[in-house]
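So, here's a batch of structures to check.
The same chain A turns up in both complexes below, where it pairs with chain B and then with chain C.
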Partner chain A sequence: MEYANILQDLLKRDEYLIVGKKVARTDALDKVLGRALFTADYVPKGTMVVKVVRSLQPHALIRKIDYKEALKIPGVIRVITASDIPGENQIGYALPDQPFLNDAKVHYVGDPLALVCASDEYSASEAVDAIKVEYNALPSHLTVDSALASDAIPIHDGGNIAVKTRIRKGDVAKGFKESTVEVEETYETPYQEHMYLETEAAYAIPEGSDKVTVIGTMQSPFLVREKVAKILGWSLSQVRIIQALTGGAFGKKDDMGPLVCAEAALAAVLVGKPAARIYDRDESVAYTPKRFPARFRYRSGADSEGKLKAIEVEITLECGAYANRSPFWLWRQTAHAAGPYYVPNAAIDGKAVYTNKVYGGSFRGFGDLAMQFAAESQMDRLAEKINIDPIEFRLKNILKTGLTTTCDQLLDHSVGIEECLRRVAEASNWSKYVPCKEGSRVRGLGVGCAYHGISTSRGTPDWSACSLILNQDGTFTYRTGICELGQGSPIGHAKIVSEIVGAPLDFIHVELPDTSSTPDAKPTHGSRGLMLGGTAAADAALKLRDNMLKVAAEMLECREDEVELKGGEAFERGTPSNKISFSELAEELYARGISPASYGFYASPKRYFDPETGLGVNYSVYTFAASVAEVEVDLETGETTVLKVWPAMDVGKAIDPLMIEGQIEGAVSQGIGFALMENLILEDGVVLNPFFKDYIIPSALDTPEIAKPILVEKPYKHSAFGAKGVGEPAIISIVPAIVNAIHNATGIRFNTLPITAERLYDAIRRSRQ
Partner chain B sequence: MKPLPSFLIHRPRTVNEALKMLSELEKAKPIAGGTDLLPLLRDRVVEAKNLIDISLIPELRGIKEGRNEIRIGAATKIKDVEKSRIIFEKAPVLCDAASSIGSPQIRNLGTIGGNICNASPAADSAPSLLVLDAYAEVVSSKGSREIPVKEVFKGPKRNSLRPDELLISIKFPEPFDTSTMSFQKLGRRRGYTIAQVNVAVLLEFDGPVCCDAKISVGAAASTPIRIYEAEERLWNKRLTEEIIEDASTQCMRAVDPIDDVRASAEYRREMSHVLVRRCLMEAWNKARRLM
Partner chain C sequence: MEFSFILNGKRVVCDISDNQTLLDLLRDSLGVTSVKKGCEQGECGACTVLLDGEPVTSCLVLARRIEGREVTTVEGLVDDPKMKSLREAFLEEGAVQCGYCTPGMLLSAYSLIRSNLDPTEAQVKKAIEGNLCRCTGYVKIIEAIIHAAKKLKSE
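Right after this comes the complex of A and B.
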């Protein structure tokens, strides 16, 4: 269904009522006033506390877990180990390599071994200390090179390579032969911690002997239900999961939702009492998934006209202790390796490698952030070698309608990267810019481009569902499994519904996702929440609208196509005084037995994919972004100040420009963190800086001026109003823009992040010697 | 992370009451804003059974201008130091230091006395107080004494006060109207940051000649330090960029920093050079504008 046009025809509006407008979020006031409820707010005082006993060794066989002494501590209720798990002791996401509680072996410092249930924090924490674990230490692998060595001890059965990917497009040897310039470099990107304000939390309430309800932080209630049921050995219908408003997620809560909820649920069910499991900050930072570290060996060639001819990329992804999302992460990097450019010949090989360190997981940008930092650095280097302007060089190779991606996917519409790039160049006055120096400070400008396939990769079927009920008083109850994480997707759905049924936004009540009543919308990840979920919302709204129009036409005694729904009223378009309120209309629907409810469902168009060559239609659509950044570097201290960022994004259609600006502003800050300061420090597998005090993220004062975001709208024909996802694409171009700007200012190019003041200072000093 | 250990909190109304509690109660410790103490208690670095909350004792709060002397009550909030007219006019170097501490929330809770008694080598108010030649008024139920603020610092997070002693106030001679000062801080980000290095300087001029110079560097040794050998190089000189550079280099030799998660020793050493030079240049430029 080509929604973009259909909706326009159907609604017969010169201008949309609410879609495309900046609207104050209906949930904003409660959040600002501190009235909104988050998971921990639901936990009554005196609830049983659950804590996790963790491995202190990076790699060892477990000889014995002795908790006799712990049970003697007053207040301690129970200690749960692997043998107590009634269902399957397995929580791995992509591969079954991750026991929920370990009893045979530990794989990193922090691996879970047991759960302590106690009446309060003090006795729980005392019990954790009292549990004695005996190990047989194994040599540990703390780098990918150590894990890949021929004599390496396997961390999991099957060796230290968790997964491999590859793409073969065209003829790379021929491509390099046709190239007149070549650049080959190795890039490395580090861990990044999400540092959301709300740590992982769950509150589980057992019901009778065979049911449990869990309220928690998550991004995918139905995945949580599946994992909790599996660990309990129960059917899906015995487990009810409710997603409370979630205080930041950035991907990690997709990984942590199942874990934290299962910890609470298992304790609650085995003890028979409600249980609360709330992570401490240091636990969240030291032991839960991070952005995967990666290394890229990247060779590119271009001809004398400035046309990219070939790329050869070798990706080594560090999984850490478990594979978790690494197959998908690695696949995304493999598929996006060229950046948003046309390249006829590509050979890309990836491998994800286990090490004995905290494992990687989902994080905004999902592989593309690191990959496109490398790709965009290559583009700048090639431009420099050919001696043409970096933007001009990019424009010669930029993806356009009619061209194919690295995976040979033909882009037939919704490709706005060229416009994004041209417009940020213009806005930042790129062509007139002269890098300048004042005292010890130098300034420079850099550009970054990005693209990001929306939702899941390759052939995985993708769909979303929701429900919409017109209540007797004319208000609506909307249910979606897409989660509110701060980003506002469900409000976007409500705007879509509001537009289609003609109700004011505050008539539409969005319920919290609850697996006992909410249709499965699939996860809130991959920037799919609005695009997929919102299109299901449109489907539900269109169906209900039909019923509303039918009854309204009869009540108003006019034709259906003369009925306008607007402002919570139905009226005759030619004679607006001939009108009825939605409450009257609703009553009539109920009275006549015409369904006042609808179920919305939307499935993405089918895709195909050849795992041998890595070619095919990998994503239903891509969001594109470009940014220019201006930085100032203090040559005496090495400090970088990002002065201004000019962002642009092809969003398909902006359902709410204000929310997109919010995403972009947050992304600028998070991108600055990754590029310049965030630095998880590990020693022998132990995280040394697990608190806000020393894991430095940008403060408000580090946030630069952000030019009004340029929103390019190249609608996607299969989504409601043409919208595409924006959460992840927002961050990807920021990092290379900053790194390229530092090069422009100082002449120094960094292949490794973060570019802390100290590292930049060292590099400046070296460059002078 | 462990939960905060339990403790009793006492709210004396007078200094005498507080002193009595300190000397009589088991494992007693003063608490002012608690912004340093609570994390230390949580991390089990410090142990206390009885916390004596001194933040409400009126005698300990406020900034007063006496005869050629400025007195800051120990429990005066950092925010009040930052916003004080007296400090702004007479000792702007302390005002700048105060405004660089933590976030508005921290400055609303934290106190100047706590900043000193906590004895972090990176305490941001310390270099400024050192160049102001500030001294600490310390009392116990047995008597009182006055020591230079520098001597409150004994080592990283160790102060020289006895457990039954309380810091009452910080006093310093009112600087001459012709004194010029500067404070500089380097951290891993712009706001809410612990110093990698912080520096304060104070210069006095007699006509075009620098007749007195004070330089203090923090976070670059086990306590904040004064660098007399660098100061001497400025005395009785008409300043030039070369002289300033020479003094700054001297500072780099005098500091004795450590490697930690915030910076390497080498970077701290190099940055103490840069920050001292910047402070001296700024103070000298201010003086030249006055001349």
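Right after this comes the complex of A and C.
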């Protein structure tokens, strides 16, 4: 179904009532009043506390876990180890390589070994310290090169390569032969910690002997339910998961939701008491998934006309201790390796490698962020070699409707990258810019482009569902499994519903996701929350609208196509005095037994994909972004200040421009963090800076001027109103724009992130020698 | 030990332990959940409260140190015109995303505009420097604070 057109035809509105408008979030009121409840706010005083005993070794066989002394501590209720798990001791996401509690071997410093249940925090912490673990240490692999060495010992059965990927398009040898310039470089990107303000939390309440309810932080309530049920050895219907308002997530709470909820649920069920499991900040930083580090060997060639001819990319992804999301992450990097450009010949190979370090996981941009840092650095280097303006060079190769991606996917519509790039160039006055110097400070301008496939890859079907009920008073109850994490997808759904059923936004009440009453919307990740979930919302609203129109027409004694639904009323178009309120209409639906509820469902179109060559219709649609950044570098200190950013994004259709601006501005801040500041330090596999005071993220003082984001609208024909996902694509072009601007200002190019003041200072000194 | 202090204008008598922080006292003993726990090191600002009118991170204040003193949280400023103006601006400008930093951020902003209805962008940034936000990039928060102050000044 081509939603974008259907909705426009059906609603017969010259202008939408709410879609496309800046509307204050109705769900933010409780947040400013301090009344919004997050997981920890639900936990009553005196609730049993759960803590995790973790490995202090990066790689070792477990000889013995001795908790006799811990049990003697007053307040300690129980210690739970692997042998106590009633179900399956496995929490791996993509591969079954991750025990929930380890009893045979540890794979990184922080691997979970046992749960301590105690009456209070202090007793629980004391018990964690009192548990003695005896190990037989194994040689540890703390770099990918060590893990890939011929004499490396395997971290998991099957060796140290978790997964491989591959794309072959055209003839790369021929492409390089046709090239007159070539650039080959190796890039490295580090871990990045999410540093959301709310740490992971869960509160589990056992009910009777065979049920448990868990309130927690998460992005996928139904994935959480599946994993919790598996560990308990229960059916899905015995486990009820409620997602509380979540204080930032950025991907990690998709990985951590199942873990934290299972920790609380297992303790609650085995002890028979409600249990609270709340992560400490240092625990959250040191032991839970991060942005995967990666290395890219990147060779590209272009001809004298400035046309890209070939790329050859080798990606080495560091999984850390577990594969987790690495097969999907690595594939995204493989598929997006060229950037948003047409390249006729491509050979891309990836491998994800285990090491004995904290493992990688989901994080906004999902591999594509690091990949575009490499790809966009290559583009600037090629432009320099050809002696052509970097934006002009990009425009010569930019993806357009009718061109194919590196996966040979034909882009037939919704391709707005050229407009994004032209408009940021114009807004930033790119062609007239002259890098300037004042005292020890130099300024420069840089550009970055990005594209990001939305939702599932490799032709995998994706779907989403929701429910909508018209209540007797004319208000609506909307349920979606898409989670509110700050990004506002659920309130975006409410806006879509509001537009279609003609109710004011505050008539639509969005319930918290609850697996016992909410339809499965699939995960809140992959920038799919609004695009997939919102289209299911449109389906539910259209179905309910049909019933409302049918009954309203009879009540108003006119034809269905003469009925207008607007402002919480149904009236005859042209005769607005002939009207009924939604409460009268609702009463009538209930009285006649005509369904006042609907189930919304949307499935993405079927696609062809060949896993052998990596070619086919990879993602159903792409969001595109371009940014220009201006930086100032102090040559005396090496310090970089981002002065201004001009962002643009092709969002398909902006359901709410204000919320998109919020996503972009937040992404600029996180991008500045990744490019310049955030530096997780590990020594012998131990994270040395697990606090806000030593893992520095941007504060208000680091906020640059951000030009009003340019929103390009090239509608996607299969989503509600044509909207595409924005959360992840927002960050991807920011990092290369900053990196390229630093080069423009200083002449120094970095192949490794972050570009801290110290590194830049060293590089400036070296360049002067 | 039993002691008393003023919470949002009302005298509160409660039992505390020697090592209890103001944050834990407010959240665990008194059920003031607008005060959020983010780091317990005074670094993130989510637990900001006003102590005798000045913003402090309540995780670094020992509860026994506040005997007889005044503590204000957003709950205590529901009807305050300046806080009301800030709340409205935060909503209108889109300054709220996940909302976890919001109560602390509002209190730091309130502390600024109480004495300065014409703050510069630099002054606003300085005032909220200790309140970290990972969602918004601060832009709309800064705009909201400036707009709220302007509106109050023109009234």
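Please note the rule applied: the second predicted complex is superposed on the first by the 769 of 769 C-alpha atoms of A that agree within 3 Å, B and C clash if a C-alpha of one lies under 4 Å from a C-alpha of the other, contacts with A are read in each partner's own complex, and residues count from 1 in each chain.
In this section, a residue touches a chain if its C-beta (ideal position, glycine included) is under 8 Å from a C-beta of that chain, and two chains touch if they have at least 3 such contacts.
As the structure is a prediction and not an experimental result, all values here were calculated from the model.
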Review point. In the superposed model, does chain B or chain C contact more residues of chain A?
Key: C
Check your understanding: Of the partners chain B and chain C, which touch A:Leu33 in the superposed model: first, second, both, neither?
Key -> second
Practice item. Based on the superposed arrangement, let me know which partner A:Leu701 touches: chain B (first), chain C (second), both, or neither? Key: both
Practice item. Mind working out whether A:Leu589 is in touch with chain B, chain C, both or neither, as first, second, both or neither? Key: neither
Check your understanding: Where does A:Lys693 make contact in the superposed view: on chain B (first), on chain C (second), on both, or on neither?
Key -> both
Practice item. Figure out whether A:Val214 sits in contact with chain B (first) or chain C (second), or with both, or with neither. Key: neither
Exercise for review: Check the residue A:Met677 against both partner chains and state whether it touches chain B (first), chain C (second), both, or neither.
Suggested key: first
Exercise for review: May I ask you to decide whether A:Thr756 touches chain B, chain C, both, or neither, giving the answer as first, second, both or neither?
Suggested key: first
Practice item. May I ask you to decide whether A:Asp280 touches chain B, chain C, both, or neither, giving the answer as first, second, both or neither? Key: both
Check your understanding: If you stack the two complexes on chain A, which partner ends up touching A:Val442: first (chain B), second (chain C), both, or neither?
Key -> neither
Revision key, fill the gap. Both chain B and chain C touch chain A at residues 280-281, 693, 698-701
Check your understanding: Which of the residues in chain A end up touching chain C in this complex?
Key -> 22, 24-25, 28-38, 40-41, 45, 194-199, 245-250, 280-281, 485-488, 658-659, 661-662, 665-670, 691-693, 697-701, 703, 706
**Study point:** Complex contacts: residues of chain C adjacent to chain A
**Key:** 27-29, 33-34, 36-41, 43-44, 46, 73-75, 78, 86-87, 90-92, 94, 96-103, 106, 124-126, 128-142
Review point. How about chain A: which of its residues touch chain B in the complex?
Key: 121-122, 125, 280-283, 636-637, 639, 641, 677, 681, 688-689, 693-694, 696, 698-702, 756-758, 761-762
**Study point:** chain B residues within the chain A interface of the complex
**Key:** 1-3, 6, 39, 103, 186, 188-194, 261-264, 267, 270-271, 274
